[in-house]
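Sharing a structure, written as structure tokens. Questions coming.
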Amino acid sequence: MGSFGMNQSNGGDPLLDVRNVKTYFPIRKGLLQREVAQVHAVDDVTLSVQEGETLGLVGESGCGKSTLGRTIVRLLEPTEGNVIFEGRDISKLGTRALRPLRRQMQMVFQDPYASLNPRKRVGSIIGTPLKIHGVDKSEQRQRVQELLETVGLSPEHYNRFPHEFSGGQRQRIGVARALALHPKLIVADEPVSALDVSIQSQMLNLLDDLQKELSLTYIFIAHDLGVVRHVSNRIAVMYLGKLVELSPAEELYQRPIMPYTEALLSAVPIPDPDLSHERERIVLQGDVPSPINPPSGCRFHPRCRYMTDICREVEPPLTSYGNGHLAACHHPLNVDKETLARATVSERYTPAEADEGAKPKTPAKGEAHPIPESG
Amino acid sequence: MAERLIEVKGLKVQFATEDGIVRAVDGVDFELSRGQVLGIVGESGSGKSVTAMTLLGLTRDRNTRFEGEVLYKGRNVLGMNEGELQEVRGNEMSMIFQDPMTSLNPVYSVGAQICEAIQIHERADKSTARRRAVDLLKQVGIPNADSRVDNYPHEFSGGMRQRAMIAMALACNPDVLIADEPTTALDVTIQAQIIELIDRLKDEFNSAVILITHDLGVVAEIADEIIVMYAGRVVERAQTRDLFYDPQMPYTWGLLGSIPRLDRPKQERLHSIKGTPPSLIRSPTGCKFRPRCPHAFDKCMEEPPLENRVETPGHLDRCWLSVAEKRQLRERTLSGEEAA
Amino acid sequence: MISFVIRRLIGALLVLIAVSFITYLIFVKIPGGDPAFRIAGRTATAQNIEDIRQKLKLDAPFYEQYWAMMKSLFSGSLVSYSSQLNVVDQIKAGIPATFSLCIGAAIIWLFFGILVGIISAVTAGRWSDRVITVMALIGISLPVFWLGLMARYLFAQGHPFAFMPDGGYVPFTSNPWGWFTHLLMPWWVLAILFIGFYGRVLRSNILDTINEDYVRTAKAKGLPYKRVMVKHVLRNSLIPIVTLFGLDFAAVIGGSAILTETVFDLKGVGWYAAQAVQDLDLPPIMGVTIYATFFIVLFSVVVDLMYAWLDPRIRPT
Amino acid sequence: MATESTTDFTLDTAAALAAAEDEGAIEGKSPWYLAWRRLRRNYVALAFLFVFVAIVVLCLCAPLYAHHVAHTGPNTGHLGETFTRDGQQVPIVSKGGFQNGQFHAGGIPVGPQLWHAGGKYVLGADNQGRDVAVRLLYGGLNSLAIGIGSAVICTFFAMVFALLAGYYGGKTDWIISRFFDLIWAFPVLLLAIALGTALSINGFHHFGINIKSGSLWIPTLVISYVLIPYIGRPLRGQILSLREKEFIEAANSQGASSLRVMFSELLPNIASSILVFFTLIIANNILTEAGLSFLGAGVQPPSPSWGTMIADGQDRIATAPWLAIIPGIMIVLTVLSLNVFGDGLRDALDPRAKVRMEH
Amino acid sequence: MTKRSRLTRVVGVLALLAALAFLAGCGGGGNKSSSGSSGGSSNSGKTYPVLRVIWDAPDYMDPQLYYTVAAYQINNYVWSGLLGYKHAAGPAGAQLVPYLAESMPKISADGKDLKFTLRKNLHYSNGAAVKASDFKYSIERAFKMDSPGVGFFSAISGVSGANGFATTKKGHITGIITNDANRTIELKLDHPEGDILYILALEFAHVVPSGTPASDQSTHPIPSTGPYMVQSYQPNRGFTLVRNPHYNNQIPTEPSGNPDKVVGTIITDPVAAYQRVVSDKADYDFQPVPNDRLPEAQSKYKDQLRIYTNANTYYYALNNAIPPFNNINARKAVQMAIDPQAIISGVYGGLGRPTENFLPPGYPQYKKIDAWHFDLAKAKQLVQQSGTAGQTVDVYGPNEDPSKANTEYLAGQLTKIGYKPKLHLLSHAVYFQTIGNQATKAQAMFTDWYQDYPHPIDWFDTLLNGNRIAKIHNNNVGNVNVPSVNKEIEALKKITTLTPDVNNRWAKVDSDLMAKYATTVPYMNRSSTDFFGSKVDMSCYTFSVVLYWDWGLSCMK
């Protein structure tokens, strides 16, 4: 997939531009259903996705990655901020206005069981988007059968029901449905995490092939960094609704800057007993705090092993360390003094209130290599 | 040699269902000794969970048939009556399950559910049991265990619930801890915590562990021995290092090859096992893996026995390919070069 | 918790107002004749009727009439159109019979319903389960008034098998044994439907719960079968039964026992309601409706609280 | 009734089956087909379905029976008349009164004649000399018409309300839920009786709807109205949980309109529940109708219904017990057959579903 | 289900024959108070501790309000008026005797002034003395309470008219002058009224203490003057009467009663009521024995069963004003389509006597009519002749048995002769006001009449006089309007002396309306039952035309 790697710098208008998006869910209580609090599911995230690239979105459950995905395809309306797709702000469009755009963006869901209507035949499930968007009836069947073949199923399966398929096959049906209208962008929300490893790889290969054949753009949401790395050109790490690191894929694995990323990487199991024994595991303590009442300052500070006072008080801005690598941390890892000096607070990716003064000053001691290299 | 705790001999478990007889476990043998960690690996439907539950007699049902023996310290679990089984369960062998949310009773506090086992098995009084429950929660790393002991499961996060499950399983110092996909429903970060916890507690409690998973990566670090199951059968069995560094069964290669490796440069393509697991009602003839195996040949129409075919003793597999052929073929699979 | 209760009570009050208003509209909009004529009798003079009309404000706009009626109802001075008996007093007079009937029946149906449910769930698939299932289904298929008639006919009315007293209510205070014997048939007649229904609901709840993961956990802990069944399976299976019971009990207290009371000539609130409806006598209908709604609403609050108490997951904060 | 499947381990039976299926099979087995396959094996449920169908067919034959066998109408009284049995004239209702100053009790109708009277009074006569068998069949027609009619209306509205409430949520849901609450808070039977009685006087003539008093529409509508929340609530609950399913999100993300989501995605998923509810609510409605008619708030005389027949018969239970017993047995049989079949249907449609009418 | 057994609306049930005696004797005088007859006051040795009766629900237990038999029959031993009826079996029981009054009143020659004197030492059951002014208070109270009985008092001076007490309810009725010291009561009438003494015997004129609230006191028993007092009353459930401790035989003309206590249980379900008595849980069943149990009662408990027929007529009213029954042939057809014997047997279990007269038998004006014979074929033919065949007929009736079945019978017969009846069955609570409203346009309906007072006027003028047709509250529900007969009724109304000639003229009115013009279809005088427990000594059974079963005279074996 490397051949498709898009360099951040070579610009051009991005396919998708997410600007300072916040998606909050109100918590209502009482007889009058007053809003008493908000879940800060996505809290001021800025991203862009170039055509043809795959952006990986990782983080623990509850970090807002799925919400961001749903906000991007406008299953949710952002509370604030803009989602710009092909230069058009779609963040406030109504159902009707969105309909034509739906052809361009599709979603693949996590649960292969819940994402297919159990009462409909496969043909009808995949054919529905065609029907909605007025594709001729005679064409529909043919197109559905093509799609079935595309995702590695037999066209003969046209009249079967979802319950007659295994998990992996169902996920293929989900992909076929997403592809029905030749979308440009596919948001895949944990498409493989409910599958066995052996089936996971089938799916990953399939998605890979499809990208090549159909020049698709993916936003790939997952909690497994191994999987993300395999498919992504760039990776965004989220924590408690915030974007904390954004980096070209390989760079992230070799040189994580944010301690959270480091911890995530070190948690990925390695199917190699010797290496597993050798490597240093950073086991994060505790769980992700509540997004209703996120911690002050750096949201990761209560679990961070490099935490100092400033982390508790000041929210670190996303800082660009060059080469398209951004991170929000007061104590960046794997960064030497010079890089640090050159680093700039990224204007585009940073909340308005942050300025150059909030730029990190002290690198964390020691170099982290969460991933040992085997031969 | 450490004390032999469990010995499974020719275990078969069959369920009668509306659609026919499901041969969920179809001939499984293994042994487990004190201090040992045994990994059982396989896809869904490979019979690994059924095997584990059968060890505790949890699959007993009117529609279930058993063959073979499950010996716990020489006593056949399959032949025990309910009372004897209850003595073994929780007390000598205990189990943690995949989904900690549904595996804890929502209407009792976590503490009460831990105390329950203690009170039953150790005839401890309420306050003793409670004190022990708090200790256990501390041991599994639950902060403020004194107060959290009275919380209900829904007030715990997923990781904490699984810790509570572990505390409950360890409440009576069991000899054997069976963990059935304990991390599948959890985030990777939490998964790491839990695996580490099991590894640590195994030593503290001087237990043996059976760890069931579909992800070989999970067991690589802590297992001593690994059993790979496919369609109800053991297809490969070896010491952990042997299995990882000298896997004999094409299915095992498939499993290993399908994991995206962070420790290696990014592969162009992942290996994957084509097709889907076979029906347990009408399973294929011969080698069960034959329909999905890229290396199948005529002989595979006959089922290979589970035998030691390599130099290392105790490394068993079910594949007709010669060892040399295997070693030659597998590298391509493992590196992901060979696509399905 | 307190705010939850208060909130629920305010909601209950609103429901009461709405219900009473709708009842009023039903009987004002859909005429049952001029109450003044009724009170005045067949030989009344025009003067009489005019006087009564004024007294009852029958010429006032309907909302004023409604308001007047509600005022007099809650001050306890509302009287019926057909007999001038005080509505509140009459409802109070009916309460002992209704409560005796309902509480007794509730005890029977709860006890036997749970028993039946447990037996059939534990023996699921076996002959005893089949027999119980058939019995339960027959139970829920019996029209209660017909069952009552048959019971009276067979057991009370000079028939060869007659051994029960026939109909009527004997106050507990005047004759406890008479109270008991007179209520025995009505209790069972009212309870049978519920026994069948609860038995079936509990059976399927238990069978669902048995398959829950936490029951497997309990077994894996080595708990004895009985303890697993009682503490884990039954306890969780009974939660929906509690809700069901609360609502059913309220409904029965609040007038669902009309048929049973009528068939057995038990002069309870349901009987009074039936009379009132037959006489198209608005004041008692209003009174009984509000009484019944009060219980239904009250019990739905109680059920919510019970539910919260039994199931920590939905405990309001 | 169906065998309870207690084995539910991690094995994915469906996948196992799918893999075992002949790859060439083109036509998928729909959930309806699978349900039918399960139902086919449930002989008890089928037997009771047959009973129900037989009852319906019998009742539909009422006019034929009345005309060609009994030679009388359902409301035709024969007081003071006689009929021929085995060549003898027998009074249909026994004579009573004062003769020579002596009082003689009378008014006892003839009992079931079976076939001794050539098809007349097969099940006896009532106190007005009407043929019970004829009334029973016509009464069945009325009871079934009300039961099924109100079930259709009730289920339809419950479905629409549930779909609207469940799909739109928010304010729509709030309003519909409060509407359900309100009906729920009413003492149901009392409300039904009150409405039935009040309407039976002058009928209903508001909002451009004109229903005459004595019309079968009155009990039908009253019953459907008061029972709407009983189906509406559980359906709403189901839709709320279905709405959370990803396939609904998928439909939304494809730009499906609300109507499409409601009718093409949600409805098929509650269809089996609706079907089960429908079966069970017919049973329930027949019982309710009988209760209302018994209290005089349902079917209005002289039209028979099983409930009114019992009400009429209760005064004659000592001298003519068949008057109350026979219609009662018909109700039990009909309701039981529906209940058993409904139960089987539920087991077949969704063996693990919690389709259950809140009582 | 309630069984309203006695549809009897009884406003002062006056006895037929007594009235005749009165009318014959023509006012004034009155006999000396007769010493007790059969039971009389000589009750020594026949007293017994308790009488357990099953009763129907009384409408009120307040003398100024109640007007049903259920209330009247039990309370005639509780409250008393100035005059009352002699407690005697049969027709003798219709004789008026002085109760609270010392003697029958002195009546002025013009009949407009009546003078009473109260007996000495009269006390209420609470011990208070009975004052003459209490009488005045009681009458005024009836007005203040809008009692249904106030119409009877319209002849008293100061009642009627714009400033009369009936309208203003202020001040006092000027026509009643009382003197507590002398115990005298003087009654002034605007015009002479032949039945005024009977009106004074009505419960509405019973004396209650001054100051008794002018609202229904049913549940707060008013102190009584008779031998018993109400100890407790729970509406719809029961009542208990006990002896009046201050009675001291203060009304010698009234028996002091045999039971020391009467425990009444109100059971409206006739089957349950009957069953109670059969199982000896009660001594008397007020409810009619249900048809269903009549055969059993008649055979098994023959000695405990008594059957009586009082002055009533059950008839179908046909709306003479609108088609089809403005056509005489149509009406005749109905006459012929009705088989009284069939109704009596099928609907009333035999408890009734067929009739074709409007007046009940026993009236001196009664002359048996024999004009109609049940003949369906002929009836059908008449309908064809009348040209009304196939028309719809709105048939009205009450919605409870037996009236319901009765109405269904009518509808059935109408069908048989070629009409299309549409049945409307209504709650008794609204039945009469509905059919009494011209807007209802009822065409054929069930109705009955129990005499208010024993005079043909109460029948023909009240029910069938075309001049009295009203828009609402119409008692002539059939809109019977035969001008010649109307004229005759108006003429007869003015004649106070009932000579045989006058009686014959009344009889002609009956036969004209029933036979010649076939305006109305009478078919039955209904009978009813008294049913007793096995312990009751039936030799003491006293049935009077006014009081029905005289329970005070009952005794036990």
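Descriptive notes on the structure:
Think of it as A, B, C, D and E in the order they're written, each chain with its own count starting at 1.
Quick note on the criterion: a residue touches a chain if its C-beta (ideal position, glycine included) is under 8 Å from a C-beta of that chain, and two chains touch if they have at least 3 such contacts.
Quantities reported herein were computed from a predicted structural model and do not represent experimental measurements.
Note on connectivity: the fewest steps through touching chains from subunit C to subunit E is 1.
When every chain is reduced to the mean of its CA atoms, the largest separation from subunit B belongs to E. The distance from the centre of subunit B to the centre of subunit E, with each centre set as the mean of the Cα atoms, comes to 93 Å.
Inter-chain centre distance (subunit B to subunit D, centres taken as mean C-alpha positions): 53 Å.
A separation of 23 Å divides the Cα centre of subunit C from that of subunit D. If you average the Cα atoms of subunit A and of subunit C, the two centres end up 56 Å apart. In subunit A, the residues touching two or more other chains are 166-167, 169. The residues of subunit B that reach two or more other chains are 44, 53, 62, 276-277, listed in rising order. Shared interface positions of subunit C, defined as residues touching 2 or more other chains, are 32, 125, 157-158, 262, 274, 278, 280. Looking at the complex, you find that subunit E touches subunit D at residues 1, 271, 290-298, 307, 339, 341-354, 374, 399-401, 404-405, 408-409, 411-413, 415-416, 422-427, 430, 527. Within the complex, the subunit A residues that touch subunit D are 70, 73, 75, 95, 98-103, 105-107, 109-111, 114-122, 128-129, 132-133, 154, 156-161, 163-167, 169, 174, 177, 181. The residues of subunit E lying in touch with subunit C in their complex are 1-2, 9, 11, 59-60, 65, 67, 146, 148-151, 154, 166-167, 216, 218-219, 234-237, 265, 267-269, 271-272, 275-276, 278-279, 281, 296, 427-430, 432-434, 452, 473, 475.
Subunit B makes touch with subunit C in their complex at residues 53, 56, 58, 62, 82-83, 85-91, 94-95, 97, 99, 102-107, 109, 113, 116-117, 120-121, 152, 154, 165, 168-169, 171-172.
Considering their complex, residues 43-44, 143, 157-160, 187-193, 195-196, 214-218, 220-221, 240-241, 244, 254-264, 266-274, 276-277, 339-340 of subunit B touch subunit A.
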